[in-house]
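For reference, the structure I am asking about is given below.
The letters A, B, C, D, E and F name the chains in turn, as written, and every chain counts its residues from 1.
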Amino acid sequence: MKVITFGEVMLRLSPPGVERFVQTDTLAMHFGGTEANVAVSLAQLGLETAHVTRFPDHALGRSATGYLRQYGVGTQHVRYGAGRLGLYFLETGAGSRASQIIYDRVDSAFSRITPTDVDWESILTGADWFHWTGITPALSQGAADCLLAGIQTANRLGVPVSADIVYRSNLWQYGRTPQEIMPALTEGCTLVLGNKSLFSELYGVVGSTFIESGMAMMRRFPTIRYITDTKRNSLSASHNQLSAKLFDGDMVHKSRVYDVQPIVDRIGTGDAYMAGLIYGLLTFKNPQRAVEFGAAASALKHTIAGDVNLATVTEIETLEAGDSSGKLRR
Amino acid sequence: MKVITFGEVMLRLSPPGVERFVQTDTLAMHFGGTEANVAVSLAQLGLETAHVTRFPDHALGRSATGYLRQYGVGTQHVRYGAGRLGLYFLETGAGSRASQIIYDRVDSAFSRITPTDVDWESILTGADWFHWTGITPALSQGAADCLLAGIQTANRLGVPVSADIVYRSNLWQYGRTPQEIMPALTEGCTLVLGNKSLFSELYGVVGSTFIESGMAMMRRFPTIRYITDTKRNSLSASHNQLSAKLFDGDMVHKSRVYDVQPIVDRIGTGDAYMAGLIYGLLTFKNPQRAVEFGAAASALKHTIAGDVNLATVTEIETLEAGDSSGKLRR
Amino acid sequence: MKVITFGEVMLRLSPPGVERFVQTDTLAMHFGGTEANVAVSLAQLGLETAHVTRFPDHALGRSATGYLRQYGVGTQHVRYGAGRLGLYFLETGAGSRASQIIYDRVDSAFSRITPTDVDWESILTGADWFHWTGITPALSQGAADCLLAGIQTANRLGVPVSADIVYRSNLWQYGRTPQEIMPALTEGCTLVLGNKSLFSELYGVVGSTFIESGMAMMRRFPTIRYITDTKRNSLSASHNQLSAKLFDGDMVHKSRVYDVQPIVDRIGTGDAYMAGLIYGLLTFKNPQRAVEFGAAASALKHTIAGDVNLATVTEIETLEAGDSSGKLRR
Amino acid sequence: MKVITFGEVMLRLSPPGVERFVQTDTLAMHFGGTEANVAVSLAQLGLETAHVTRFPDHALGRSATGYLRQYGVGTQHVRYGAGRLGLYFLETGAGSRASQIIYDRVDSAFSRITPTDVDWESILTGADWFHWTGITPALSQGAADCLLAGIQTANRLGVPVSADIVYRSNLWQYGRTPQEIMPALTEGCTLVLGNKSLFSELYGVVGSTFIESGMAMMRRFPTIRYITDTKRNSLSASHNQLSAKLFDGDMVHKSRVYDVQPIVDRIGTGDAYMAGLIYGLLTFKNPQRAVEFGAAASALKHTIAGDVNLATVTEIETLEAGDSSGKLRR
Amino acid sequence: MKVITFGEVMLRLSPPGVERFVQTDTLAMHFGGTEANVAVSLAQLGLETAHVTRFPDHALGRSATGYLRQYGVGTQHVRYGAGRLGLYFLETGAGSRASQIIYDRVDSAFSRITPTDVDWESILTGADWFHWTGITPALSQGAADCLLAGIQTANRLGVPVSADIVYRSNLWQYGRTPQEIMPALTEGCTLVLGNKSLFSELYGVVGSTFIESGMAMMRRFPTIRYITDTKRNSLSASHNQLSAKLFDGDMVHKSRVYDVQPIVDRIGTGDAYMAGLIYGLLTFKNPQRAVEFGAAASALKHTIAGDVNLATVTEIETLEAGDSSGKLRR
Amino acid sequence: MKVITFGEVMLRLSPPGVERFVQTDTLAMHFGGTEANVAVSLAQLGLETAHVTRFPDHALGRSATGYLRQYGVGTQHVRYGAGRLGLYFLETGAGSRASQIIYDRVDSAFSRITPTDVDWESILTGADWFHWTGITPALSQGAADCLLAGIQTANRLGVPVSADIVYRSNLWQYGRTPQEIMPALTEGCTLVLGNKSLFSELYGVVGSTFIESGMAMMRRFPTIRYITDTKRNSLSASHNQLSAKLFDGDMVHKSRVYDVQPIVDRIGTGDAYMAGLIYGLLTFKNPQRAVEFGAAASALKHTIAGDVNLATVTEIETLEAGDSSGKLRR
């Protein structure tokens, strides 16, 4: 089983614990990016992965590659060149104080990627899955073009494609709108993570319920077999409730609801869900188990510092089976 | 808007996290003092402030000034001279284990202050508020005399005066009692933070309810326009419930009740309330909003390490408006 | 009052906070071992203690001795010789993610101990209590032999003996079974910590309730005066409920139930109970107070990092008296 | 005495100690910029200072202001607006391994400054000195224009102007050359730090010795009264020899040579020299003492972590007087 | 260019900075092993590498693999199974205080390796070099057997073989002597690192000079083309002088002598030399350049924390070319 | 062999590495006091020791006791009571920047000690040595009285007494001069560390050379058998040269000269010498070996962080024998 992901990886810089930016004089380093987070998580689950990206050709760009390799992600398709290393600064909140992020990713080496940088044909040959998100086409025309080439190659080669169609309005700065760009990318997708209001805003696809809008999406994009979404009840920065659902054209499979307290790190919990779901669909071939596995994976990610889910299959299955006792394992 | 505060600033030394004193071999440094905490908090809220104090003339005394300046407090009226830097050692508790403080503030440079050290006339001219607490007159005759001169100057110049009349019995070591000293200081105050039993103990002013004793205080000290207090339900060292009330002579304005969990740092949460209340009274000119703003400020302070509240107006207003979801801000 | 304990002390190595093994590049050092944890805890409570063990004769073995001495445990009976320093690696969990331990204690210097290494006669003369656990006889024939000599000497000298008969199946590697070894060790014990299923598995002593199996144990081992056990409801790695009970041949004394949240460190909480119970039995000579004191001690241990309980008598009595408010002590 | 400085301040991020970028997962934060470094150093020496700059309007921009304030620099003229916070990543070397810097300052908030952001008239009125460097006009047309307005205002108000005409070729990216921009800025300077080859490259001013090219500069720019330069013999990243010279039109004043070992932090040592020299010229009004004071200040800076010199007048004078014994001061 | 290495990788645990074991309560983690150190170093120089080893199948064993991957070493041939993770504790000295190591590697998962664990045929097919050291055959019969199979396969496939024949007498605990084991392993080697006294002790090969004993070795082991050694003048734990020499059957190529001060980390400096030499022989095909490159690599390693050399080709060539100025690179 | 020491122990607080006070927000904790430093050092050398002192009765006072115990010093004679824990703040210098200390020890619990606190008879019975310094009688009349009682008891019991007669003028604040107090204390001493100018200033004993003033001291105080002193050539805060000499009434025994670079921690190096000398006199009964051992001990102390010498007999003897190579010990 081999999964290919494509997207920017940023250096995350965060004060220790829950210190505020203005208090700290050290910053912890982690690397993260929504698509690479999925790859790292899948690598922990035992799948073969490779992440396609582009870094600046300096010691920190090389460190980013080392990070991906450390966690078992294949980096043979990483490219190096001009441009910055994308950054984000994260201040972790607690209780009623929200976490906050200062993005600093303009003009990254990744945003300067172009279709000629990536040989999709060789990368996707033999792959079992390809994953992308709505962050990538928001960054630059080159990134959007390169992604489109990847999706089309995947389609040609029969590789299933998943998309988290997240829309971050402040990212779209290069002169195009998501309404112009996203539909062509969504063509040929197998699995889409999104919700009613996104479907309406990005594609003009409407429906009054999750099922209805999901069915409308499937009509508009006939390759789609699964529509999925997560639901979060945010009681505080330290305490959330969390579940997921998966519509397979037939019915909605709902996961159990996880009560997550304390939250160690909220970042990347959606990516952990997506990785768990992809793993589940590839491995169990059972939508109900897949959505349960994804939700349990996401719940566990909240207890792990950094952007990526380092939980193992055993840990996820224990939680999925209802054991949230956290009893010491010797 | 300019607020003047007066009092000792101590170096706080605390083991990392929730380690016990006996376990640690490093101590985290913070600076704090109840009045300066109010100044720092108001500076974060955008008001002009200046803190009047006296430090030893060595590198750590200069560091204390640097700390105040870093957080935007004016230090042009800080004096330097003989005496120690006041210290306190804080061990932060968790759950059913209480935090504990070892004070080490005897013979501080501040306690050696005298009225001739401070030119109140020039300091308070143009000021909009003056704040003091019951800690200061407990430290030394010089501090009490100097404070009295400040209050009287404020009165003469028409600057409103607030007092947190906190009574710490073990501090009063210089031969006078609070019953001898506090009444003259309370003369001319506009806003007093205290409760029934304190009013009775310090001034012999009695009343069977908050309103009754508040009205009695207003009769005894006619300049008082507001009596305020906070209420805390301490479920554990990590979980408190918190609210505030403000009596304006007419009615009691009560804030909502905040459930605070987890508590990152309990120190200075009363000062955060006082700063929020002062900000509210100066800015909104609406007692209900002022007490709500103060209570929300205090709730947020529990999530911030150190003695001072580094919350912004936006963060406080979000919580005041009922959003305690802690949702990530990008 | 002097208490003697006997057993292995390991170096514990754990990532900072709740980091996973794979994330960290520093490890915090603590020392711990179930019997030494009892000694350290009793030393904090003011009793004289001495721990009997054997360390490798190198700088880390000497550091382990220094650790015991720092916390007030007598080390005059520690021996040095060949063999490794036993280690264990601890990854602390949070919420639904369990903590996990990797043991690395094979062939420790302690496991090479033999009866000739220990002069029990002189060590136990004048002692008021002797404590051992089921870990020790599991490690090697020498350790089991040495322990047996100690118990028999204690019996001869009239020193009460307590045992936590914990059974860890993967430890018994030297060719004997606990069924062969434990009965002779349990002879002459005064206080046993265990439960029905353990009594049945180790001694073939059965009973359908705690009382019944306790009475059966007392018939089988006539020196036993107390049977005790703790009960834990593990809601998550960060939230447990906890109580204890003590059967004195007459009746079962039950402690109150403690709600423990957050859990700072779960390790050694049973040892903290045992130490509190021994302290209570020696000091209060009242089973109900002893079990209450032990349970409160154990609850407090959950808030303290490391393997040992550093709570004081005052802190434990405050909690035992029902004050879990965690209010700041100045 | 009041000194005004103008330029970009960056957040510096560096691995602890001498770790390589690829090894670390924390970064130490310092702030620095060549002109602000001069201001901070002068503030430690007791002069009044204010730094003029522009930061992004977010928590890290505010932190940068707090840093300047902490070290006593006036920040009343700092502006906030769009653009990034300039960054640089520093890996500190040792022995034969060189330190290296990765700059990441493109499109900073400072680079977007324009002349209308700064009210030079009010800022420079009453000032005793104005300092700038060749970094600023390299960043953007707006920065160059704003600087030119400042220099011209200083000239009009009779405020002496110093310039470190450092030329970093890779910075000049906005379409102008230093040969086009620097001459007009150098008009009206009193003190210039540079060397023969720079004078030739930037202004076409040639001379075969330091004196000759200095005299040629003074003919070309008649306001120049002093030409200065430092000399460094770099034996390794941990061991340098250092001296300075000052040509006053008459003669060259040379400092003693300092042997610097170990080097704690090489960054900002030139700025420390410039600050010491400015202090010396303003205070001693004696070129020989000024250059000696500057060189001693620079030598001490090598022992201080971060970009700025935190040495005091006493420390510098002790070293200047020949005492490099480093004897403990009690 | 692809290099294969084979040997144990240990977790190194060391107090921060130059603290003594008895002082510390944290340990920094690094991984290292003489052969893997060579692989990591070669990966930094841009060669393809793969390390063959065996780890315990738990989170720390997986972390060790992650470490190798992070630094670019191929881990496709790593095996997992029973046994411990080898450890060593390092206390770093300074000045006249020596560093010291406590080894704790008995019964490691690597020592349990057997020839059937490794498919040398597929691993070495296409390889350009194979490297081993005298540590491996000292650990167990299985390791020695497995190594012998590797060397013989390399010989058959025409892959050059290098050996650092280091002899650590306390390692040989499994009943065989190096005199019994080493000769067969040395058959078929191309490059040997050792000295006169080792050649005499291990093989009975004598010679009164480096050249004479080198020539005698080449007669005894006809495949040997190069004999090499390093020379160290240890002035203190912080200051060494260092050079290397390479005998190619014809003449001795000597490197320049490097003065290394301060020493950041002495561990792995011989491995850094070996990696530099292998790189030089493979790349420059010039013995003089190879030995110079190796010596410069080793000198730089002294400035890098941990067991492995993270210097780049550019850095090494700069030093090799005589520039040890450590001047800041921007 | 049992050595008794008497004096204050302070908590030392120092920024990490060579940071300045104004830069740090953490402080490393060590405990130290010149006499206790001698005891700790002797305990590392294998002698039995006990330190007599008085601490405040709170968690930090108890921590100080734990520190002494950890390093093997007997604490059975420590008393607890009112007063502060003495503190000192240490900023460690580097190169030409001197270290500096801010003392904060006024009114310590130790300074409140009185003769009735200490049962010298029982403490000194069976002791082999008693050591004191000129710090103790400077602190308070009670401390001076208590010390005098100790010295007189030692004399009566035939226990040799050593004194480091260090004179710190700013300490003598209680109304007596050292000229009044020191002579009676020096009566009955066996070994005195001091120099010509001290002998003249404190006792009016003059002599133009070390030998002459030493002989004059022996005439004035007939019990003195040894006069000793150290000599330091302070090249920088990181580089010193060091030797010692011992006059035994007959001749001056001089140690070799040690070149110490780098200096990790300069504090307590004199105490390390004194401990080494006492050890040498008690063990070798050879003045030349004793002074050599003491000087080597002191040289090694410069490489060890904190106030105390943690070097072992083996390490000291290696250096004493001329091996300063710092070669790795495995």
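In this section, a contact is a pair of C-beta atoms (placed from the backbone, for glycine too) under 8 Å apart; a residue touches a chain by one contact, two chains touch by 3 or more.
Remember, it's a predicted structure, so these values are computed and weren't measured experimentally.
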Smallest number of contact steps required from subunit A to reach subunit D: 1
Chains in simultaneous contact with subunit A and subunit F: B, C, D, E
Interface residue identity across copies subunit E, subunit F - same or different by half: different
Centre distance in Å when subunit D and subunit F are each reduced to the mean of their C-alpha atoms: 46
Gap in Å, rounded to a whole number, between the CA centres of subunit E and subunit B: 62
Inter-centroid spacing, subunit E versus subunit A (mean Cα positions, whole Å): 41
Residues of subunit D engaged with two or more neighbouring chains: 17, 20, 22, 25, 66, 71, 100, 262
Subunit F-touching residues of subunit B, taken from the complex the two chains share: 13, 20-22, 24-30, 58-60, 62-63, 66, 84-85, 87, 89, 91, 100, 102, 104, 106-107
Residues of subunit B defined as touching subunit D within the complex: 66-67, 69-72
Subunit D - residues contacting subunit F, complex: 17, 71, 258, 260-264, 299-300, 302-306, 310-311, 315, 318-319, 324-330
Subunit A partner contacts - residues on subunit C that touch it in the complex: 17-20, 22-23, 93-101, 103, 168, 234-239, 262, 266-267
